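Naming follows writing order (A, B, C and D), and every chain is counted from residue 1.
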Amino acid sequence: MLRIGMLTSGGDCQALNAAMRGVVKCIYNNAKDDVEFYGFEDGYKGLIYGKFRMLTGADFTGILTRGGTILGTSRVPFKTIREPDENGLDKVAAMKQNYYKLQLDCLVMLGGNGSTKTANLLSEEGLNVITLPKTIDNDLYGTDMTFGFQSAVEIATTAFDQIHTTASSHGRVFIVEIMGHKVGFLPLNAGMAGGADIILIPEIPYDINNVIDKIEERDARGSRFTIICVAEGAISKDDAKLSKKDYAKKLENYTFPSVSYEIADQIQKKTGREVRVTVPGHVQRGGQPCPYDRVFASRLGAEAGKMILKGEFGYMVSYKNREMTKVPLKDVAGKLKTVDPKSDIIKEAKMLGISFGD
Amino acid sequence: MLRIGMLTSGGDCQALNAAMRGVVKCIYNNAKDDVEFYGFEDGYKGLIYGKFRMLTGADFTGILTRGGTILGTSRVPFKTIREPDENGLDKVAAMKQNYYKLQLDCLVMLGGNGSTKTANLLSEEGLNVITLPKTIDNDLYGTDMTFGFQSAVEIATTAFDQIHTTASSHGRVFIVEIMGHKVGFLPLNAGMAGGADIILIPEIPYDINNVIDKIEERDARGSRFTIICVAEGAISKDDAKLSKKDYAKKLENYTFPSVSYEIADQIQKKTGREVRVTVPGHVQRGGQPCPYDRVFASRLGAEAGKMILKGEFGYMVSYKNREMTKVPLKDVAGKLKTVDPKSDIIKEAKMLGISFGD
Amino acid sequence: MLRIGMLTSGGDCQALNAAMRGVVKCIYNNAKDDVEFYGFEDGYKGLIYGKFRMLTGADFTGILTRGGTILGTSRVPFKTIREPDENGLDKVAAMKQNYYKLQLDCLVMLGGNGSTKTANLLSEEGLNVITLPKTIDNDLYGTDMTFGFQSAVEIATTAFDQIHTTASSHGRVFIVEIMGHKVGFLPLNAGMAGGADIILIPEIPYDINNVIDKIEERDARGSRFTIICVAEGAISKDDAKLSKKDYAKKLENYTFPSVSYEIADQIQKKTGREVRVTVPGHVQRGGQPCPYDRVFASRLGAEAGKMILKGEFGYMVSYKNREMTKVPLKDVAGKLKTVDPKSDIIKEAKMLGISFGD
Amino acid sequence: MLRIGMLTSGGDCQALNAAMRGVVKCIYNNAKDDVEFYGFEDGYKGLIYGKFRMLTGADFTGILTRGGTILGTSRVPFKTIREPDENGLDKVAAMKQNYYKLQLDCLVMLGGNGSTKTANLLSEEGLNVITLPKTIDNDLYGTDMTFGFQSAVEIATTAFDQIHTTASSHGRVFIVEIMGHKVGFLPLNAGMAGGADIILIPEIPYDINNVIDKIEERDARGSRFTIICVAEGAISKDDAKLSKKDYAKKLENYTFPSVSYEIADQIQKKTGREVRVTVPGHVQRGGQPCPYDRVFASRLGAEAGKMILKGEFGYMVSYKNREMTKVPLKDVAGKLKTVDPKSDIIKEAKMLGISFGD
């Protein structure tokens, strides 16, 4: 008998279900023993508090195309994972206890950066853990790609397409704010796919004067409108120079809903042009996974299944250099993959005339 | 020789190009005389300031599916149309002058409520005017349907679909704010299509306690999440009772970005539940027209063409009681079509368990 | 206790689940008694052979957006409904028996033309029957609209959009064959929305010479390509003149996969132009319902629920003259709604320059 | 002065315009000299017969998202490129002559396998040629990815999604035939993304008995339906064993419209089950490019621009091992990239339970 626990953690995204279906199909089709799947509800919370349900084949029928996660998810911050909960419960001990009580052979965790740190901790505590790289931000270290990313790019790009017609009809400057607090892969790709003229990402601090120059250069060439893609975490050169303390102080007194509104305000004041801000927000993590993510998540799931059957634990399944592989959790946990300002794609984008405000 | 002027006015929407293509194709295919089309740029501004270009068949090739408007558009408020502009120019006189200078046989105006009022004024001033009912709000009096509406419903519904997966994965209350300052057709239809549990529209003032009751009723039945569709112009029963003056005073001191955030705040405070707000915003007016709008706008265009050929002016082309017809501009201008709280669709929505907070 | 049977019959289409969800939600929210829902599997087959399952609220969760039918469906021809099955079973008697055995208060049937005839028969046999107008063809008599239609129009239109880029890139004549054996609403609307230059529907027999004239007229004007929308049931003027017997004889010796290939062959032979045929086929009935259909089907479901609660049986729920209403099954059964060649939309299409080959 | 010729060749696909826009934007933004772009119409035909037009910035505005090619395209077979045309014209000489007459500095060719062979020939004849890897089949040797591929996967996957609801509603076997005469990347990926149970590709000959076994295995487990993805060029083990001559003879007498119909026929005869075939066809190459392709094609275009500015010719721009690079045309021309039956993705697909009929 093989007993496999499964949970999805952190912000939801597309193809979580596709990935879990991949694991389950692979195991059902290839395991020699009987298998039982236990799904923990709402991420690590389910593991901590023993909220789980047994999953059958029927749970995985028809979910290849379904967004969200059939298990539910939640954010359980790694920072406080070693602290007792409000009732004094030792969370790590509780997770281990539930793992052993169910006589699990392993735990499959689908999550992003923070969640992977917790997975590594559990692995270090002796549990058999495999993780799958889930995030719309594609910021997981150790893998070239994460599932959810390409689907989010598609949704964000649609926002640009829809804004494009309005921007050109009204001759306006339009800012579209795209998810990405620390890492700019999503805004970079959606901005390029959506024909943005300016793209501001956390990795390349901007100077508002460069942004305005680009707008005016377009004006001068007769372009009626300018579209700006702003990452949630876009940061000005001045702010980037601030000490952590001073920046925190700035944010305390921040009166704009987000950086996009600050940029809009600056452009309006300095150029007199009408600027509109659109914030697609949570829609970027929702809806059906795109075909790319369905295939990719299914493949990751199959690889996780293979690892379970071989008894290889303590790894994140990964896609590197065009191969499905695995990386030790300890080599991944706590590290962030970011956009390299000197990478090919940034150079190409600049040659295409896209301004990064730098 | 037939000389036809054309302009698009107010907020842009889907199928403006499809409608203009309809007019032009109808005229080209059926006029006995030679025809010249003059497109005024950026709405009434182009007519006021004599900014126009001659349009040829090539301008209308491939635009059936293209969002926005090839002519550009702008909002020129009716309120101040009788007032001189900042340079002392008499706007109405200028429009008439440009119309006569170009020896136009008629002016085709595609616009919503305010724009139709201006069209009526020009008609009363003696110009030959035909208007086409354009708006994502479907709030034009005298027609059962406007183009743009169904496309906007589709985009807004997609937002609900995408939020749905996240709401159910995280077990949250989600508010999606849909366009509609005074009229709720768009949020009503998008909310129903998107499976919203609560829909708040301007025509039906809400009591926040009823909203909360619905959330808690869902909780009690084991639903993990609640989705609320809030019209931009949703109004509480208390606010609805205020005098105009008092309500204006309230808005002056309003600290929320929009009513959705106020509702979210109230729910959070009264229930302790996590509430997220998403505001799709301008994307609702953009992108390609849906097939329904393409057919509908093309048909309206053909009817306008027919009227031009017959010399029937001073009308808005309209769809009433399943027939293409026309209504005198004076019967339409300045009137609003709103959701009747006692209409079939509201009754049906309530029977389906949707709460309107009333 | 209220016991309600439900079945979906005939070809599947979008929004079947949305309509059933509407019925169930309406009943659950408004019935004073306890309710039990019985779902018959695979259409009338389930009623004949007693294959059914009890349905709970969970069955209807999340199905508003799901295509197909959770009950399964099949075609049980009306023609042979009075004949015993291959084992000698009296089908009508069996249906009645299963209805009474389950002590049903009524049967809700979602289906098209043939299925409605069977429903009427059951109604005449004394069962309490309500039907909902389901078909992508919109050919049901007694209602202005059916659910599935608008979703199918969207899918078919997408095919035109995709073919458009290839047709214009290669300068070809392209035929897209759209569903519609006897009735042309779907090809008419998809063709108009897709920018087809020629539309051939069953209600308007075509002369191939007129089709070719239109192609050559476009050539002469410099158009690189022509797109033809052909209904499955398009018929030439010559064939339309044949007696039923002679036409059947022709079909016996027909060597083309469908009429589109015959037309392509004729155009190629007479003009030397390269003609390509695309047959989207079954995809037109599949996938998620569009927002229009979700709202419409939900409303129909709510009305059916209302009728059940009032005890009004023997009707099809219908949408006529902008109102939700009901029509007696006997007034609907066996009648077809077709495109009127003299209707507004056909006249408008012709004014737009679309050829119907007549 | 820099003079650049450009042409698109072979079957059209998505993102051709995006790629050309990339080249042009890169050159306009980075060239020190004045630049002139000449677009040859309808592929090599335009170069042979001197049909071209000068292109300006306006030609490239708004085409990032537009499918097809603004230049038109055609298939000019490599096989006969050395033969004179029907009027005795030496095609290769004519191309060279037109190239030199226009004083071109280089020719940018966007095309697939055959077109790249011709490009290599022109390069060997002394012209400065750069090619961009265009094809929905992703079968170009020397690059890990081609533009058009991912867009085609999306469209093909949508067909599976739409068929899925009908297959499950009716409990049928459904075959969806996906483009790919010699190479199976497209059917492989679309089939996996679409949840196909069986995928038949040219690289893995099938045994119809294995196909039937899989259907019956699904039956036995209670699955109501089976979905089969068949590549246009799927081939049975028996046929794969035939000599070229014998296989050609078989095709001569072939009575099925395509291999899918033969497979359907075999399944029906051997199992008595109802099988339906859907052939999406040309829609797979049409419509808007997906975001992935827009970014990828733009990047390829930028790299081509960079190469032009550096004077590096005789290469195909390529994406290999996660880097933008270039490969000599002579190393690419005439070679095909195919699906390796022993690759990771095939192994994973098999572990997921997908049958390849082998």
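The rule is simple: a residue touches a chain if its C-beta (ideal position, glycine included) is under 8 Å from a C-beta of that chain, and two chains touch if they have at least 3 such contacts.
From a predicted model like this one, the values you see are computed outputs, not experimental measurements.
Undergrad: With chain centres taken as the means of their Cα atoms, state the distance from chain C to chain D in Å.
TA: Taking the average C-alpha coordinate of chain C and of chain D, the gap between them is 35 Å.
Undergrad: Taking each chain's centre as its mean C-alpha position, how far apart are chain A and chain D in Å?
TA: Centres of chain A and chain D (C-alpha means) sit 31 Å apart.
Undergrad: Round to the nearest whole Å and give the separation of the Cα centres of chain A and chain C.
TA: 42
Undergrad: By residue number and range, which residues of chain A touch two or more other chains?
TA: 161, 168
Undergrad: Touch graph across the chains, line, ring, star, complete or other?
TA: Topology of the interface graph: a ring, with each chain touching two neighbours.
Undergrad: Give every touching pair of chains, nothing left out.
TA: A-B, A-D, B-C, C-D
Undergrad: Would you tell me which residues of chain D are touching chain C in their complex?
TA: 8, 12, 14, 16, 42, 66-69, 72-74, 155, 158-159, 161-166, 168-171, 174, 224, 257, 276, 278-287
Undergrad: Which of the residues in chain B come into contact with chain C in the complex?
TA: 22, 25-26, 28-30, 62, 64-65, 144, 150, 153-154, 157, 161, 168, 189-190, 192-195, 290-292, 294-295, 298-299, 301-303, 305-306, 321-324, 344-345, 348-349, 351-353
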